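Two complexes follow with subunit A in common, the first pairing it with subunit B and the second with subunit C.
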Partner chain A sequence: MARPIPLPILLWSGLGLFACALFGRKVVAQWPGLQSGQVVDLDSVILFYGLLPRAAVALLAGAALGLSGLLLQRILRNPLAEPSTLGISAGAQLALALATLYAPSIVARSSAAVAFAGGIAAVALILALTWRRGLEPVSVVLAGMMVALTANAAGAALILANGDYLFSLFIWGGGSLVQQGWDPAIAIGWRLALGLGAAALLMRPLAILGLDDVAARGLGLSLNASRLLLIALAVWLATTVVSEVGIIGFVGLAAPVLATLSGARSLKQKLVAAPLIGAVLLWLTDGLVQLAAGAGGERVPTGAATALLGGPLLLWLLPHLRLFEWPSLERPAHTARRAARPWLRIAMLGMAGIGALAIALLLGQGPHGWSLASGDVLADLVAWRLPRVVVAAASGSMLAAAGVVIQRVTANPLASPEVLGIGAGAGAGLAAVLLFAGSAGLGWQLAGSTAGALVALVVILVIAARGNLGPERLLFAGIAMNALCSAVLAAVIALGNAQSYRLLGWLTGSTIQVTGLEASVVVIGLVLITVPLLLAGRWLAILPLGAGRALAIGLSVRLARNTLILIAAFASALAAQFVGPLSFVGLIAPHLARMIGLDRSRQQLAGAVILGALLMMLSDWLSRMIFFPYQLPVGLFASLLGGVYLTLLLGRGVQRRG
Partner chain B sequence: MDAAKNPDLHLYDVDGASFVAGGRTILSPLTMTLEPGRFYGLVGPNGSGKSTLLKLLARQQDPARGSIRFSGRLLETYGTRDFARSVAYMPQFTPPAEGMNVRELVSLGRFPWHGALGRFSADDEDKVTRALVQTSLTKLAERMVDSLSGGERQRAWLAMMLAQDARCLLLDEPTSALDLAHQVEILALVRQLSREQDIAVVAVLHDINMAASFCNELIALREGQIVARGSPDLILDPAVLDSIYGLAMGITRHPQTGAPISYVL
Partner chain C sequence: MAATALLPQPVSAAQLRIASIDWGLLETALAIGVVPAAATELRQFARIAVEPALPASVVDLGLRGSPNYELLRILAPDLILISGFYEYQRPSLERIAPVLALPIYEAGRPPYPLAQSSLLALGERTGRKEDADRYAAETAAELEERRLALHSFASRPAFLISLGDARHFRAFGADSMPGDVLARLGITNAWQDDTSYSAAAPVGIEALARVPEASIIVLAPLPAEVSRGLPGNALWNALPAVREGRVAVLESVNHFGGLPSARRFARLLADAVTREPNHG
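Right, the complex of A and B next:
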């Protein structure tokens, strides 16, 4: 009795064979003895120490990531959990970079241990942040994204500060599978074997953990102990891969989901299928990367390629994913009291802004300690300080304006240019411009980043509308967009030329080199953005009520929304040009405005714009002063501040609609 | 036959309108007319197409086939704001109006009249105040919408529709989230407004008895088709109810008013 082989298995076997064929092609090309006359048989060296281990690493790392993703998704009951969305990979990478710089001996002894420490630290941070929310999926992934972004920015700053010495680290960070021996394959291999064994032993707790907490506890499972044990196992697998080959995103996400879609129903089936699918995926991607690279050598790291493939996959999956129904959040006990005289409050904010500007220009640290500049010294200093302070302030204002618009258009208080990946989209656009015209001027760069931001925003919103995405899925879409655009950036940065440094600088958001010309461009941009937005106050008041309702009271939703989106994209792109993609000011400033009682659309906008400027000026000033005489990139500094704020927000339980 | 020739007499003229979503027919081609100033109740089981029909009337969705006229003019010939001055629509779920007090919410109803940049005139102000009075919300005008109870919030949304100054209100399950007392309160208010100001109301209602006691006329849908239409007395009949719900139901009389009341057998 021949039973027909199920279609998914056929499909995966087919893909596996295809990967095999790609590999075979390389092997044949390198087969020893084809090229005669060589003293050392170079071909066989390449074959045995380059090609074969590379295939082995691809298979093993893919399997390890698939298993790790499966475990994390199961334990956290979060279909989007995986090493890269949880910040585990980024944490491991930052730990490695730090250790390479400051404690090279430890890295030499065991890079895997360092990576594991970094990964565990990232996960511990995320769990601590979201524990009170019962590890709710959105909070977990959001916190993960924040950790990952901040770790990436910190890593970029380290590279910038240390130049070429660390640049290779960044290329490796993109996840290159190029091999020079069998050690990585062996290192990943035995850990994978152990991990599979442990997962098989812990199968029953794992099955129960898929239920909700009450049911699990009712079945007599010591919940936290088994959870933490399994998380540690998953982190161990993932960080091993990071320490051996770098960050490879999305395999851990895609493999379990694809396993489910391919019909793996029971946990046992998934434990077999997910690693296998992960292995095939990574091997196939690597084969394609090598095929694309051709004779010209390695250009795109495989890790970046998986993110390029995985980002769209995630975006496509989102409407189909069944998110575990989480108990809804309780509303916060109090909402901020509305200001009795809002415009007075805004005027006071404005005064504070002017005061901050004065301080930023006057007060500073010199070789002889703190001093207030005056007279000729001031005139000298202002020429240096004014442009950067103005650029920082105006960028903050624009991000805040974009944040208000996006939060109101999507009716989602957690949305912002940074969170939805619009800043990263601007970066991808910029990267494309720099790739094709290395010496493009500011105008072209801005055009590129605006186009990138707009495309990112439109794609996100179209997907949101198509799949009828609620606020939470919208955030997931933003995370996917972030990952996708970051992958483009990583791929271009990995080229290692002058443009790469420009992009690295962009990523960290540095205002150190801005000129008066750029400052005036930003100020003009700010005016062009805020004036129409203030005029569109009524649109901004109506749109949060939802499209149907807005249409019912006679607002042509499409026109209003498209106009606002265009403005928001331009604002995000222009701001990101100078302060980088991840300042989080666009998230924070609108919240702060609301917290001090400015909640009507125009007032919130005006308040947020001033607060954004204040926040950025503060970040800029602090970034100049804290490590004096060294300067931190202002974007990085703002993202650290923003990270702290987002953390508090998640801990407290933000009010969400639903 | 007079009316058919002179469409101006009708509020709505639905001619063969149908709706299809994802290959599934939600509404079969449907033809009907609605008159001004009456309170219509749309009833029927879940998935019968009540909400869809209401959305077509509200121009929230376009029919796949057929045409809908309002006051003799095809719906698509109206401008967005133009239409909103005549027809006010309330979707089933009211979103939290974050950061808005009641007066501001109600003021949004004036948007079709003043637009995005127009001045908020004294006339607008009057209409808002009147809507607040009509819905007894004057005392709550400065309260934040989020802090209201379910019934109060529903009244606030109703006030917004009144401020819109429309001739026709389309309500999608206006009472679904309310307890019995508040259901009666809202429906009585709607009926009163409809009578006093000659506003037509089309409301999707789940409770057939509630619909029968407040509406002038009931329109019953099943599987995307109108299966019955008429006065509450006509609809509240065991055979008709069975054709609507596919459920054996009986009719008794209200001890005081003598109005028919249905019950499940």
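Right, the complex of A and C next:
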């Protein structure tokens, strides 16, 4: 439009040149004959089969992810759809891990086909869950997050159960662009060319799919066929990248968004700009990763580095994003009738909790099968079982309390410590403490993770307040925060020292080593958290109504919010210390409490706290019993339970509407 | 703690029921004829360490990093063997039975001498001193024999690696058992960088080009992706060692083993090298 070269084009050209300069530096260093003492022949081999294809793969994979993200965002009319937020990459990765273990001959024949099957399965699951909600963006992204986290949890369980933990975990999710030949570049390249060709041919349906369904149907388009075809194309591109180089996050998300922000208006412009920007982004990131590499290898896989750069980018972009107008997020469908005698129900829940505690302590497997412990054996076993059952139960209760607080403070039924990335923030804080003082005790670790959780929560709430974010954008901010903190953790774990093991253990959540000391710490923590919250029941009741109402009633909104936020952050951090960041109990327990008719603030809190303990005791018991004598981390089971519940939650919405 | 095993009616050392959390000590115990009552990750042990063969009577305790304490409590061993890796489990384990920590791997120290002294200490503790002495002597003699057999192979340095995928490897340094044995066989390790093997990040295969004259020894298991991808890896194929057939692929060896693993590695290497005329 304008005569002078537009600023965005200058900017992207500049970044491209910078990436080019980083690449040139490597090429010069490797140029045959320049290094003394090296065989000239081998130098040129490294140049032609190492450096050049690596640059090619960075450019091609970046472009393929950019195109894949653009197609998905367009088809789903969801600015946050992309291969990693939709769980496509995680699904592909899990399929590869499963096939490597149980059907190695298939992987040996075609890993791309295995990855494609995994990616398609993930998308099919998400579409099935959200189809009749009209693929509403929040549902789609939540379902995607659930699929991704569940796939990751299942993958981690596979690795743990097979004992090859160390090696595989570094390559797992690695996204390393190291190359030693042209095959991956060619594999990605021809698919990218086909994808671009197909997108150009399908330009008309694609443009129309950006409109709403009624308009599209009016234009005589077989809506679902075109949609499915284009989704399959996008999945094909993304899973090719996964099978060739591993998971590379955020390029698929950032490239189309940046293309739009850089002034690409028409679909044609975007089809050119998004792949180009994706290519530059990945090439630049990879150049920086190589720049930071030492002799012993690269310290951060490129895939983790993209998330490190992409997370803040997304947080910054959120207020600027234009979301399509969708019917606003409903209150959860299950506004069950309020219980007539709520405290009786809570007492019954409490009895159930005591029953579950008894079962967790008594029932178990031994060398001779299942048995109910009694007498001396019981006294013996209780000494082992009690501390971990107590720690699991108390952690579940704290997460549930934090969930109730966060859902009420943000007036958002889908917010929770896990969804908003507060658990992951605790992990980043813990990582920082361990980096500076490897032998830090429980107290310092807790201080670090509480600080991390608090920073994450405050950042999200500030962004939400600044940008006047609705409930949807708040969840998106949480997803960005999760990705950012996970990238920090991945980078620290990739350092491969003693702290890495601690963080790995923390990530999956483990109650195996706890003793009476930890049990008493969490019980004291639980009391310190729940008693003030029960006293602050009025705040919890009023805050969801909005600041105006609260002020009218004479409540100091700022004081109330800040106090509650501090408590929620502490509760999340303390719980995450033992059960890991990904349990989803904080999301589920408050919902369940509502479903059984406890919706007044104090009642909901009390009910959720008991339900959280129940859920976590169940997870702990399952983690001890399912693969007896092998014990899997409790966090894995808690997140699998959470995945099942989220599926049901989204499914409920279907019935209501359909 | 140790005193409980020596109370009025002492369990005779030969009848000690032991449990081993560490794989290296499990190997070592089996090698001197002590069959533990329980040990960890037995299926994986049979796949990775392969030998010594496990009698069916040994009970699986679950993962090394999180053994099943309840099961261990029910089995009630008289002695639990750990290494430095598992020190953090000591408080829990000591509630069950006395704990004997025998070091094999310590940062920056070659493991062979530690493995040997742990073997002797275990022999002492279990009343099998003679078996232990004999095993240590046999191992030393076997390594010496292999060293002579590998004389011509030792004229070049060698990379000792395992492959994680078709693009990355991980090098064994002098602080790993295979790396230490390599040195004892008179072979120079071509990998001179930092080698905290246990958790070092994988390195791209092009790093193998740094020492063009070196041979390459690959330890199995090879993931399926490697057998598919490696033959087509242009850089791998361009490495002098690959072009000139100086690559030996060995069966799996326990990376954190004791003397039995040391012998297994030496035997596998000597067999592989003497079988193929290309080497040396």
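The definition used in the following text is that the second predicted complex is superposed on the first by the 624 of 658 C-alpha atoms of A that agree within 3 Å, B and C clash if a C-alpha of one lies under 4 Å from a C-alpha of the other, contacts with A are read in each partner's own complex, and residues count from 1 in each chain.
Going forward, contacts are C-beta pairs under 8 Å (C-beta built on N, C-alpha and C of every residue); 3 or more make two chains touch, one makes a residue touch a chain.
No experiment lies behind these values; they were computed from the predicted model shown.
Participant: Touching A:539 in the superposition: subunit B (first), subunit C (second), both, neither?
Facilitator: first
Participant: Taking the superposition on A as described, I'd like to know which of subunit B and subunit C A:45 touches: first, second, both or neither.
Facilitator: It touches subunit C, and subunit B stays clear.
Participant: Output check: A:105 vs subunit B and subunit C. Expected answer is one of first, second, both, neither. What do you get?
Facilitator: Touch partner of A:105: subunit C, not subunit B.
Participant: In the superposed arrangement, does A:583 touch subunit B (first), subunit C (second), both or neither?
Facilitator: In the superposition, A:583 contacts neither subunit B nor subunit C.
Participant: When both complexes are superposed, which of subunit B and subunit C contacts more residues belonging to subunit A?
Facilitator: C
Participant: A:180 contacts which: subunit B (first), subunit C (second), both, neither?
Facilitator: After superposition on chain A, A:180 lies in contact with subunit C alone.
Participant: Which residues, counting only subunit A, touch subunit C once they are in their complex?
Facilitator: 38-39, 42, 45-46, 49-50, 99-100, 104-105, 107-109, 111, 160, 162-163, 165-168, 170-171, 176, 178-183, 295-299, 364, 366-367, 377, 380-381, 383-385, 494-497, 500-501, 505, 510, 512-513, 515, 624, 628-631
Participant: Sort out for me which residues of subunit A touch subunit B in the complex.
Facilitator: Within the complex, subunit A touches subunit B at residues 335, 338, 411, 413, 535-536, 538-539, 541-542, 544-546, 548-549, 551-556, 560, 594, 599-600, 604, 655, 657.
Participant: Please give the residue numbers of subunit B that touch subunit A in the complex, ascending.
Facilitator: The touching residues are 58-60, 80-85, 88-91, 95-101, 104, 108-109, 111-112, 115-117, 144, 146, 160, 164.
Participant: Sort out for me which residues of subunit C touch subunit A in the complex.
Facilitator: Those in contact with subunit A are residues 41, 44, 48, 59-66, 68-71, 73-75, 88-89, 91-92, 95, 162, 164-165, 167-168, 170, 193-194, 196, 198-207, 209, 212, 223-225, 227-228, 232-236, 238-240.
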